[in-house]
Each structure stands twice: as structure tokens, then as C-alpha cells.
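What follows is a set of structures for review.
You will see two complexes here that share chain A, one where it goes with chain B and one where it goes with chain C.
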Partner chain A sequence: MHTLSAFVRKEFHHILRDRWTLIILLVTPIIMLVLIGFAMTTEVKGTTFMVVAPERDVSTSELVQILSQSVYFTFAGYLPDEQAIDSALRQGMAGLIVVFPSHFASDRTNTGTSSVAVITDGSDPNTAKTLTNYASAIMLGWAQKQNTTIQNTLSIGIETRLLYNPAMKGAYNFVPGVLGMILLLICAMMTSISIAREKESGTMEILLSSPMQPVVIILAKTIPYFFLSCLNLVTSLAMSMTVLGVPVRGSWVALICVSLLYIFVGLLLGVMISTIANSQLVALLVSGMGLMLPVMLLSGMMFPIESMPFPLRLISHIIPARWYVSAMRKVMIKGLGFGSILTELTVLACMSAVLLVISLKKFKPRLE
Partner chain B sequence: MNAIIASNLTKKFGSFTAVDHISFDVSEGEIFGFLGANGAGKTTAMRMLTGLLKPTEGKALVAGFDIKKQSEKIKANIGYMSQRFALYGDLTISENIRLFGGIYGMDAKLIAEKRDRLLDELHLKEEKDSLVSRLPLGWKQKLAFSVSIFHEPKIVFLDEPTGGVDPAARRRFWEMIYAASEQGITVFVTTHYMDEAEYCNRVSIMVDGRIEALDSPHALKTRYAASSMDEVFQMIARKATRTAD
Partner chain C sequence: MLRYLVQKEFLQIRRNPFLPRMILMFPMMILLVLPFAANFDIKNINLVVVDHDESMLSERLVKKIESSGYFRLAGYCHNDSDALGMVELGKADTILEIPYGFDKDLGKGSVPEVLISADTVNGTKGGLGSAYLTTVIQDFSADLLQEIQPISGNRKSLITIESQYRYNPYLLYPNFMIPALMVIGLLLITGFLPALNIVGEKESGTIESMNVTPVRKLTLILSKLIPYWVIGFLVFSFMLVLAYFVWGLAITGSLLALYLAVLLFVFTISGFGLIISNYANTYQQAMFMMFFFVMIFDFLSGLFTPIASMPEWAKIISYASPLRYMIEVLRGVYLKGCTISDLKGQYLPLGVLMLLFNSWAIISYRKNS
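On to the complex of A and B.
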């Protein structure tokens, strides 16, 4: 106990004396959350659209007006004919083109049906998909209103509702993901670099020739950074709730439990990395770059795991972030409690046990 | 009773034999000089004795414990000061002392008592709250030595403790070594300064991983008809085929 407390105190001295590193560690999560938060949004706002309307009448101009009233679209003018569509898209004058047929209004009154073409730039399929979804939703809404108020004919419409995220806010999707990435990366970096630094400066040799047990060294290296990571968790959550407007709908206890467990996994991952990294630079590269890609691609923060090919889906199971992101989505967005994240909690607990055992085994009480 | 008994101690790194079947005894309270050119295998031998490296062959007892099986017991009974200065530069003098006292399981009261006495002896009382990185090298080395024997080990291993300082500072350092030896601590010291070799009770000279000579400085000088340890060393080390790395 003497040994552990003496060593933990020493670690706190290191952290508090190295002001700049401390500031970087505390500010990085905030910057990353805000940067990625605003850059990674899938919401499309203020896209310019143009219209081809051979016969302009009340209904076409009403539709144009309704589209431009939404936050997603801005009206950029009429195109003379369909030949102009291609160049308008190519030159970036419009992100979306609405094409009315020649007898739009009369078709509607005579046959009851009429169609509108929506053309988008498919070189960015995600955005194109979102744009067409928005535009058709708006126009369908208009058509339904027409049917009920003016013609009063019975028609069956399909109403889609997005539960938990009715406003389709991008932040709801990425905040749990970014939290998962930031916490894992920073935790792993902190412990791996701090152990690698002891190897570099030669103090590790002294520690190894002392009667200190490896488990004490590992614990003493994780405890101070555990506190630091909790601070990071608090600031990140505060940021997502205020600036990014993502609420915590579910149980706070569940959220804190899974986060603390996840932080512990991250710190132990750093300890494991440090058993192979002999310099601070290598530790930084492995824990920063080495972890970033798998976490970004395979945790489900950017791409849905369900749509990945089987081998990748398999690999994603060993990415701790996958489980954390999924638990955080359930708790923060869906508003669920403890019972719903038992799987995630169990997996993370197993991971930390495995990491601890590997670190202890690989943490050589001798040199080389 | 011998503090260290080594017999046929060998360390191979791949095909390279860093330490080649060395055997020697060090008796309790002795100051044993472990000499050799750079690359002769001194540090490797010392690391085996302190439990930092596993020997490939041979065996050794340190403070009565087997280096292969009882390295944990050995670690509790020795002090070690490495070649690279190894206190924490971003901790104060007083914090470093407290840390190493704590690592060796001493309780806070005892640490505080001994620390005050030590700071008095080193005339570092006023400096106790300044960072170790700001101390001059000679002072750092004296402090590192004091810290390595702070927990009163049976044996202290010093790996080129005085590298980079002038002869006057080395002499002051050696006064501390004598004081430790008078307290009954066995001192095992590697060096390549031959003026320091004269201060040892006995010295061994390593060439290419083997011990070529082992005796008191006086006896060695007589045997080789030399006026100084430096001459003795030159005569023995000339046989070396290995170059320093």
C-alpha cells in the first residue's frame, strides 16, 4: 500500500508539473467533439435547387415556394428546358433539380395523379439520397394537403416517423461515436506514453530492480489517468448536451457505469501497447494512429456494422468502441436503462480482464 | 559470509557472448571494483546480478539468494544506481527521496526522519524543494547514490556512477562510498576511471566478457610491475579483440 500510494503521488506530480501536456489532454476532447461534430454532420442545409416547369401555374409555384421555405432548400431560379439540367448540375449552380411535366396541373385535376422528377448529383450518393428524401417528403406532404382540403378524396398515405430522433439531427448519431473514439484514444495514449517515458529516461531500470510488483506499477500508472479521463468524460458530456444539443434521455447510472468501464479498458489498452513500445514516439503512433482507423471504421460510429461484409463484422466485435458506442446510443438517445446494456457491460468487463492479464504477463519484470 | 558468489555466469545475446563464464566472490562490506573497457560486458554482468537479466548459464547468489529463482528477494536487499542518471527530474529532491523510500516499503515517519538527516549531510536542506533537473551533475550523482542506499540495502550496485564529472567531484563521491562501506554495505562498482580503481579493496578486470585478473590493486601492481592501476589496465586490456560499441 505504501508503495502504491507513493507511486500514485509521483504520477500526479508528473501530470500536474507538465502543464502543457495537461492542457492538451483536457482540451483535445472538446476540440475534437466540436470539430468532428460540425464536420461530420449528415444534415444537408440550404442546398440550392432549380426548377424546370414548361407550364407555370398556381400548383408549380406553390410547390417551389414550399420547398424554398424549408431550411434544406434555397430556390435558385427556373431553367429554360431539360437540356439545361446537365450543365446546371455540372457547374454546381444547383444541388437538386425539380422537373415538372408539361401538363402538371391539368393531369392532377383530370386523372388525379401526376408525377414530378427529382434529379440530384449522384457523385455523392449519401447527400443525394438525403436530398431526394427531403424533397419528396415535402412534396408528398403538399400533395396530401391538397387532397384533403380541396378535393377531399380518400387517399391512403404512408406516414414515416423516425423514433428517438424525429428531427433527424446528425449529432444524435455521431456524439456517442465521437465520445467512444476520443475516450479510447486519449486513455490509451496517456498510459502508453507515460510508461514509454520511463523506459526512455532509464527510470524503468530502477523501478524493475526495486521490489515493486508489476501489478503495482500497472495500477499506479492507471489510477491518476483514470481521474483525468473522468474529467474528460464530464467536459465531453457537457459539450454534447449544451453545444451539440444531444440530451441524455436514459439512466445516468448506466451511462456512468459503462463509461468508467470503457475508460478502464482504454487505459489498460495503453499499458498493453507500452509493453511493445519502447519509445514515446512509437507509443504515440500505435495508440493514436493505430487505434484511430479501426475505431472510426469498425465501431459503427461512421458506417453501420450491419451493412459490413461478414469478416469486418467479425473483427468489429473486438473493437471496444463498438460496444461503448452501441451502449451510449441506447442510453443517451433511446433513453434506455441498465437492463438494455448488459451485453455491452459484460463484453467490456471481459475485455478489461483479458487486457489486464495480457499486460501483466507481457510486462516483463526484467529488461529486454 | 560472501555477499556475492558468482560461478560460471554467462550471458549470450544470440551468437554473441556478452559475459563468458565469469566466477568471483565478493565478501560482506567489501568495495569491489568491476573494471573493463566499454563493451567488455560489465553492465550485462551487473544486470544479471541485480535480477534485471536472466543468465544463459551458470549461477550466482546475491545476499544469499539465487538470482534465477529468488530475484524478488534479491531486489528487496539491494540498491541500484544505473549508468543513466535515474532520479525523476520533474520531482523535487525531497519528493524523489520520499518516492524511493515508499517503493521500498518504508513508512512515512521513517522516511521523513531519514530524509532530514540525509539532506543535512548533503547540505541540500535549502534545496529540498527544487527540482532535481536543476541540480548540477555532481550533485545529482551524489543524491542518486544516497537514494540508492536510503533503504539500507545489504549490497549496492553502482554502474559507472561518476561518469562525466571531474576528479575532484569523483573523490567527494568516493568519500560517500567509503562511508556506506563503513556502515556495512557491500559496494559493487563498475568504472573505467583508473584513479577510482585504486580506491577499491579488490578489483576484477574484464576483457571480452571474461575476467582476466582479480586481486587487490596493490597485488595487481606488484604482479605486473606497474606503478599505477592505469598501467596494469593497459597491459591487460591490450589483449582485447572486441571493440567498444
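On to the complex of A and C.
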């Protein structure tokens, strides 16, 4: 016990002495969380739209006006003809283009219907779909109002209730995710370098010739970073509650438990990488570059796991962030308690045990 | 002199037990695995039905919803709180509550109200899910109307909306993500690796021995960068080939426009890497700085969420992200058939950033510090 505390103190000194790294470690998560939390949103607002109207009349200008009055669209002008559509979309001048037929008003009065084309840039499928939905709803609503003669027999009223996030704020979805990503990557990067550095600078020999057990060395390397990460957790949570306005609706105890466990998993992941890698470069490349994309894409922070094909859904199970993000969404946003995150807690606990065992197994007590 | 140094760098990269493997594996991961994951396509929405009516008609409605292809019936519940419980546990995403007397009310001509409750923690998913459900229900009532009065003569002055999705008519999500993911691959190889390489020399002290040789600053830096430029170009071309053969994704615009952008981007990013390597003294510092900026560049580049939806200040920061322009170029060239003249708005800022980063790198570099 005494050796452990002495070793931990020594590690603390190392960390505190390197001022720059310390500042980076403490400030990075806060800035990233705030920037990403605010910037990541899929809400559609103020998309510019342009109109092709061969014959401008009262009804077309009324529709244009109604569209530009909504929060979703801003009017950017008329296009001369359909040939101009392509370049307007390509150069990003408009996100949506409404094309009226040449006899829009007269068609409507004579034949009863008239069709309007809504053209969007489908290269971003979701935005395109959302924009089309909004624009059609607005225009159909207008047509419905014009048309009081129709009797709404056999219609079904639909009431929609948006659970948990009625304002549809992007931050509610992304903050737990970003928190999970940042914590995991930073924890893993911090410890991944620790043992690899000792190997590279040759001080590993001294450590190995000392009477310390491998488990003591590993623990001593993780404990100081554990404290640092807890500090990061506190500041990040404070930021998300105050600046980003994402509440913690559920149980604080559950939140803290799962977060501490998760930090521990992240640190052990780094240790495991560190014991396997032979140089700092490799350790950092694996923990930084290697983990970044899988964590971003497979943890469900951004893309729903249910939409993935089966093999990837399987792989996502071994990504710790997946479990943490799911638990945090339940606790922070849905306001649930301990009982609902038992699965996540168990999985994370198992992961930390497995990582610890692998690290100990791979920790070579001999030099090559 | 430069030739030998470049040769030496290539040798070192090749001898490293890990680097060549990673350089090869990374593009494969980006193109063969990640596009499957990076899918916002909203499918398989789990629906739980609270059917208070339990009539033929309500059953028919549920059947219709199921056959629409977007929903998967997760089960029936007897009351709202059970259904909410399923949503809380993540077993269901949307609740449809059909009121008592649904069938009768419709027959009598009054308007029964169904209730859709959508889990909107993920706003896009919840929003699109409830929109799909609304459409299906409206279709359903239109079907019923058709059955009763097949020719509705008095439907005056309606409009129909034809939706057209340009450039990606089937709204395939991989077509949107793959060009952007390629940029990330290029960024990591031509930005991260040379910076880490230089910092490595600093940390192990070998940079001192380089400093006492007659090698000039510029030669030294170039010898570090050239190998990664070459590798970057090769890897990028490899990714183009993979995208074509695996995903059938072909360039619709001009290849020249694409490579011009790659050239600008690679110079910009390696300049940025140099700045980092000038300020960092250890691997750890370099990696954390890189990580920080790469994350911010990534998330503010429109890679995942549209720039148009970001708040104003975030839009301003995004102008400083080289990734933003590069992703626009790639998506433009791949999907929209853009040529060099369409992309002036991207080349110009990219060129400005390139000059800015590289001059900063040169100013901050002191060989003798």
C-alpha cells in the first residue's frame, strides 16, 4: 500500500510538472463539448429557396410569401427558367426550388388540380427529406384553406406528442454522445502513453527491477488520471447544464456511478493499448486515430444503431461508448433511475474486468 | 540532399512494424465498414400500439402501418403507461394510441383523434418517425374515402406536390457520407502522421543532431512532408477505386477538379500539422492538440450535420475549417457533377488557409531553439 501511494504521488508530480499538457487535458473537453454541443443540430432553419414561375400571379406570389414567412425558409429570388435550377443547386445558392407549371392558376380553376414540383439537393438525404416534408405541408395547408367546399368526412384527427424533447433540441441528443466520446478518447489517450513512454525512454528497466507487482504499476499509472478525468467530468457536466441547457432529469447517483465506471474502462483501455504497443507513436495512433472513428460512428451518438446492418450492431456491443451513451440518455434526458441502466452498468463492469486481465497478461515483466 | 532524406524517411516508415499496416487498414475501414454505420436512414422504427378500440378498422390501420416499411411492430399495450415504459427502456420509439370508438366515430362522420407519441431524444428520428406515421394515417383515411365515394367530383382546386431529389434520387446515405469520410482519411494521413514524426524526433532528441548538420530548415521539413504527401495521394486514389468497385460510386464531375482540391488540401493540412509540431514538445502534447483541432474541424465541417443549421458563430468558425471546403468539393464532384468553375468558392478559401497555415508554420519554426 505504501509503495502504491508513493508511486501515485510520483506520477502526480510528473503530470503537474508538465503544465502545458495539464492545461490541454483540462480545457479540451470543455471547449469541445460546448462547441460541438451547440453546433451539432439537424434542425432546419432559414433554408434559402428559389422559385421558377413562368407565369407569376396572385396564387404563386401568395405561396412564395407563405413559404418565406415560415421559420424554415427564406426567399432568395426567382429563377428565369428550369435550366437555371441545376447551377443554383450546384453553387449552393438555394437549398430548395419550387417549380410552378406554366398554367398554375388556370389549371387549378379548370381541371381542379395542378401540380407543383419541389426540387431539393438530395446529396444530403435527411435534410432533403425534411425540407420537402416541410414545404409540402405548408403548400398543401394553403391549398386546403383555399378550398372550403370539401367536406372532411372520414378524416382522422392526429395529435402528436413529442416525448422528452418537445423543443427538438439537438443538444439533448448529442450532448450525452459527445460527452461519451470525449471522455473515452481522452482517458484512453492519457494512459495509453504512460507505459509505452517508460518502455521507450528505458525507465521500464528500473520499474521492472523494483519489487513492485505489475498490478501496482498499472494502478499507479491509472489513479492520477482517474482524478483528472473526474475533474473533467465535473466541468463537462457543469457546462452541459449551464451553457448548453441540458438538464439531468434522472438520478444523480446513477449518473455518477455509470460515469466513474466508464472513466475507469477508458483508462484501462489505454493501459491495455499501452502494454501491447511498443512505442508511444503506436500507442497514440491506436488510441487516438484508431478509436476515434469507430467511437464516433458505432456508439450510437450520431447514427442510430438500429439502422445498422447486423454485423455492425454486433461490433457496436464491444464499444464502451455505446453503453455509456445509452445510459446517459436514459438518466439525463429521460429522467430514469438506477433500475433502468443495470444492463449498461453490468456490461461496463465486465469490460473493465476483461481489460484489466488482458493488461496484466500482456504486461511483460521481462525485457526483450 | 533532399532526395536522400526523403529516401531515409520512406525507409523508416516501411520498417516501422505498425505504420504501413495502419496506412493500408485505415482506408479499408473507412470505405468497407464505416459507410454501413454512418446511416441516418430512418428505418425499423419500433412502434407500440395502444388499441383501445380493438375493432376491425383499427386492426386494418395497424396492418397498413406495418406494411409501409418504416415501422416494426414492437407489441401491443393495454394502457399508455405500459407503452411509455417500453419507450423508456428503449424497446419502442413511437406510440400510437387509437381511441375507444374509433371505428364507430368514423362511421358516424365525426373525427376520432389518434395520438402519436414519439421519442424525440433524437430529434431527427422522432420527427421523421411521427411525420411518416402521420402520412400513413392520412393515406389510410384517403383510402377509406375512396371506398365510400370512388369519384369525388367536388375536389376543386387542389394541388399535388411532386418531389424531386436531385443528384441522389434514391436518397442513398452512403453516397453522402463516403466522400466526406475520404476526407477524414486524407486528413489523418497527411496531417497527423508528419506532425507526430517531427515531434518524435524532438522527444527522442535526434532533432538536435539534424540541427547541427548543414541541412537547411526547409529541406528538413520538406523531407518530412514529401513522403506523406506521396502516401496521401496514393491512399486517396486507392479510396476512389474502392468507392467505385465496392459502392459503385463514380465521379460525376471532373477528376481534375478533385485532384486540384486534394493538392490544396494536403498542403493546407500538412502546414497545420507543422504548426502543431512546432508548439508541441512531446507526443502527448502533439496528439492532444491535434485531437482537439481535428474534432472541431470535423464537427464544424458539415460532415455530420448541415452547416446551414448551425448557429451564426459556429458558421463563422467553420470558415476556418479546411475540411469544410474539402467535403463540399468532394460531395460536389461526386454527386453534383461539379467542375472547377463551380468550385471557385471552395478553392479560394482553401488557398487562403493554405498560405496562412504555412506562413505561420514557417514563422513559428525555429531550427535553433
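Everything below uses one rule, namely that the second predicted complex is superposed on the first by the 273 of 368 C-alpha atoms of A that agree within 3 Å, B and C clash if a C-alpha of one lies under 4 Å from a C-alpha of the other, contacts with A are read in each partner's own complex, and residues count from 1 in each chain.
In the analysis below, a residue touches a chain if its C-beta (ideal position, glycine included) is under 8 Å from a C-beta of that chain, and two chains touch if they have at least 3 such contacts.
A quick note: this is a predicted structure, and the numbers were derived from the prediction, not measured.
Participant: When the two structures are overlaid on chain A, which partner does A:D121 contact: first (chain B), second (chain C), both, or neither?
Facilitator: second
Participant: Let me test your reading of the model: by the given contact rule, A:Y225 touches which partner, first (chain B), second (chain C), both or neither?
Facilitator: neither
Participant: Which of the two partners, first being chain B and second being chain C, lies in contact with A:Y262: first, second, both, or neither?
Facilitator: In the superposed model, A:Y262 contacts neither chain B nor chain C.
Participant: Just to be sure I read the superposition right, which of the two partners does A:T3 touch: chain B = first, chain C = second, or both, or neither?
Facilitator: The answer is first: A:T3 touches chain B but not chain C.
Participant: Touch check for A:F363: first (chain B), second (chain C), both, or neither?
Facilitator: neither
Participant: Pick one for A:T109: touches chain B only (first), chain C only (second), both, or neither.
Facilitator: In the superposed model, A:T109 contacts chain C only, not chain B.
Participant: Count the residues of chain A touched by chain B and by chain C, then name the partner with the higher count.
Facilitator: The larger set of chain A residues in touch belongs to C.
Participant: Shared contact residues on chain A, chain B side and chain C side combined as an intersection?
Facilitator: Correct list for chain A: 18.
Participant: Mind pulling up the chain A residues that touch chain C in the complex?
Facilitator: Residue list for chain A touching chain C: 18, 20-21, 24-25, 28, 31-32, 35-36, 38-47, 85-87, 89-92, 95, 108-109, 112-130, 132-133, 135-136, 139-140, 143, 146-147, 149-150, 152-166, 168-170, 172-173, 185-186, 189-190, 193, 200, 277-278, 280-282, 284-285, 288-290, 292-293, 297-298, 302-304, 306-309, 312, 316, 326, 329-330, 333-334, 336, 340.
Participant: For a test of understanding, state which residues of chain A touch chain B in their complex under the given definition.
Facilitator: Interface residues on the chain A side: 2-3, 5-7, 9-10, 13-14, 17-18, 201-203, 205-212, 365-368.
Participant: Contact residues on chain C for chain A in the complex?
Facilitator: 16-19, 22, 26, 29-30, 33-34, 36-44, 46, 84, 87-90, 106, 109, 111-128, 130-131, 134, 137-138, 140-141, 144-145, 148, 154-169, 171-173, 175-176, 184, 188, 192, 196, 200, 203-204, 281-285, 287-292, 294-296, 299-300, 304-306, 308-311, 314, 317-318, 328, 331-332, 335-338, 342, 345
Participant: Would you mind writing out the residues of chain B in touch with chain A in their complex?
Facilitator: Those in contact with chain A are residues 47, 50-54, 71-72, 75-76, 78, 80, 82-91, 95, 98-108.
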